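Order as written gives the chain letters A, B, C, D, E and F; numbering starts at 1 within each chain.
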C-alpha cells in the first residue's frame, strides 16, 4: 500500500461520509457526534484512547476500523513498540483469526506510517 | 457503484450459486430451501421480514448479506426513511463497528436503489 | 420462570441502571438517551422496531437484550405467530448456536408473556 | 458439577425442547430436523463430526452448545487426548476469550465425563 | 455482589485453573504462559495493558474476562474516571449489546472495587 | 479464481508474513510458533485438525483463514464429500451468514483444489 493508499482510504471515507450525512436521521447524527466526542482526550489521553479503539477494532476484526485507528494512533504519537504490544493483546484475546487483519494492518504501518 | 454493480453482484452470486449447487449435499440443499422459505410472507409481511434480514446482517457485519437484503428491501417497497430507521437500530445495537458496512450499503442505496 | 421472574428481571435491571447512572460520564448518558430514542415510533412503528431489536439481539446472542425486547414486543402487541417468524429469521441467519437462547426466550414467553 | 449436573442439563434441555416444539412453526421444525441429520455419520464419522460441533461451539463461545457436544463427544468415544487437541485448536483460533468456557467444559469433563 | 463475590470469583477461577492444568497439553500450557507474559509491563505500562484487556473483553462480551480485567485494572491503579472512559469506548464500538455486561461490571466496581 | 489465484494468495501471505516477522515482538513470535505446532499430527491426525481449523474459520467468517485451511485440507487428503460435511456443520452452527464465505470457498475448491 503506497502512501496514496492511506490517502485513498481517507478520500473514499470522506466521500462515503457525505452520503451517510445525506441519509442520516436525527439518531444517526447523534451517534456520529458521540463517535467523535468519545475519543477526545479526558481522564485518558488521546493516545491511550486510540490504542483502545485500535484493539477493540482488532478483536472485532473490522479492517476499515483498524486502519482508521492505526492512522489516528500514528497521529497521536504511538510508537512501533507500543503498537506492537497493543497488537499482542488483541492477538492473544481474539485468537489467530485476527492474524490476517494484523497482516494487512502491519503492511500499511510498514509502508506508510512507521517511524 | 453503478447500476451495473448491483447487476454484477447478482451475476457473481448466481454463478457461485451454481457451484454451491454442484457440491451441495442433502443437508445443504435443505438449508438453502429453508433460507428461501423463511423470508416468505406470513404473519409478518415480506417487507418486515426483509428489514429483519437486513438488520440481522448489519449487526453480524456481512457485506454480501447486507447488500442482498438491501436489494430485497427495495423490491419489497421499503422507503428510505424506513431503511434509515432500521439502520439506526442496527448501528445502536451493533455499535460503531457497523459504520463501515453502513457506508458501503448507503452508497449502493444512493447510487442504485433509492426512491 | 414465574411471572415474578420477569418482575425480577425488571427489578435487577432498574437497580443496576441506578449504578450505571451513578458512574455514567457525559458520553455514556448520551448513549443511553440514544438507546431510548432509537426505538420510538417513526417511519417504522414500535412493533416493527421491537422485532428488529429482538432479532438483532438474538443473532448477537445476548440473553438480557433478548428478554428486554421480548417484553417490549409483548407490550407492543406482537403475537406468538409474529414472534415465531422473527425467531425463524434469527435462527436461520445466526445458526443453531442461537437455539439455547431461543429455548430460554420461549420458556419466558410460554410462562409469562404469551397471549 | 456432579454427575446429576449433566443429568440436570439434559432434563432442562428436554423440558425446554418441549416448549420449543409447542411454538415451532414449519421452518423451525425443518431447522431442528436438519440439526439432527447434519451430525449423522457419513463421509465423516460421528466422532469427527462431534469434534467439529464442539470446536465450532467453543470459538463461538456458547456454554450450552459446548456442553451438549462434550457429552456427544464422550458418547462417540472421543478420548481425553483427542478432546484436548480439539480444545487447543479452538483456543488458538478463538483466543483467550474462550478460556472461561474451556474452564467450565473441562470441569464437567473432569467430574462427569472423563475416561 | 459482596466483597466475598470477588473472592468467590477468584476462588472458583483458581479451582478451575487446577483442572485446566491437569488436562492441559503442551500447546495449551504455552498459551497460558503467553497469556501471562502479554500483560506484563513493557513499552505500554501495566495500567494501559489492563485497560486494553478490559475493553477487548467488553466488546467481545465475556463476563468472566471483563471481571478479571476489572480487578486487574483496580490493582494497577485505574481510577473510576479512567475506567468510565474506557467503558465509553467499548460501549460505542461494541454497541448497546454490551450494556448488560457494563451493568454487571459497574455493579462489582461499585460494591467492591471503587476508590 | 485461476490456479494462479491460490498461488497469489500464498505469495501475498508470504510477503505479509515477512512484514509481520519484522515487527513481531517476543510474545507474537511465540504465538506464531504455537499456531504452527497446534495443527501438527498427534492424538488427532492432520486431516481432522485441518477440518477443525476450517470449520472454526467458517463459523468465525474469516475468508483468509478459510482459504488457508481449505488448501491445507486438500494437502492432507480431505475429499470433496468430507469437506462438504464439515461445511454442513459450519453452515448449520453458524447460520446463513456463513453462506457468502462458503460460496467463495467452494469456488476456489471447484476451480483449483477439487479431486
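Assume a contact is a pair of C-beta atoms (placed from the backbone, for glycine too) under 8 Å apart; a residue touches a chain by one contact, two chains touch by 3 or more.
The structure displayed is predicted, hence computed values, not measured ones.
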Shared touch partners for chain B + chain D come out as A, C, E, F
Identify which chain pair among B-E, A-C or C-D reproduces the interface of B-D, meaning that over half of its contact pairs, matched by residue number, are the same.
A-C
At the chain D/chain E interface, shared numbers over all numbers used: above half (same) or below half (different)?
different
Per the C-alpha means, the centres of chain C and chain E lie apart by a whole-Å value of 26
What whole-Å value do you get for the distance between chain A and chain D if each is reduced to the mean of its CA atoms?
36
Where the centres are mean C-alpha positions, what is the separation of chain E from chain F, in Å?
31
Among all residues of chain F, those touching at least two other chains are 25, 27, 31, 34-35, 38, 42, 56-57, 59-60, 65, 81, 84-85, 88, 91-94, 96-97
Please categorise the chain-chain contact pattern as a line, ring, star, complete graph or other.
complete
Residues of chain F touching chain D in the complex
34-35, 38-39, 42-44, 48-49, 51-53, 55-60, 65, 79, 81-82, 84-86, 88-90, 92-94
Applying the document's contact rule, which stretches of chain A touch chain B when the two form their complex?
13, 16-17, 19-20, 22-25, 27-28, 31, 35, 56-57, 60, 62, 64-65
In their shared complex, chain D is touched by residues of chain A numbered 59, 91-98
Chain F residues touching chain B in their complex are 61, 80-81, 84-85, 87-88, 91-92, 96-97, 99-100, 102-104, 106-107, 109-110
In the complex, chain B touches chain D at residues 25-27, 30-31, 33-34, 37-38, 42
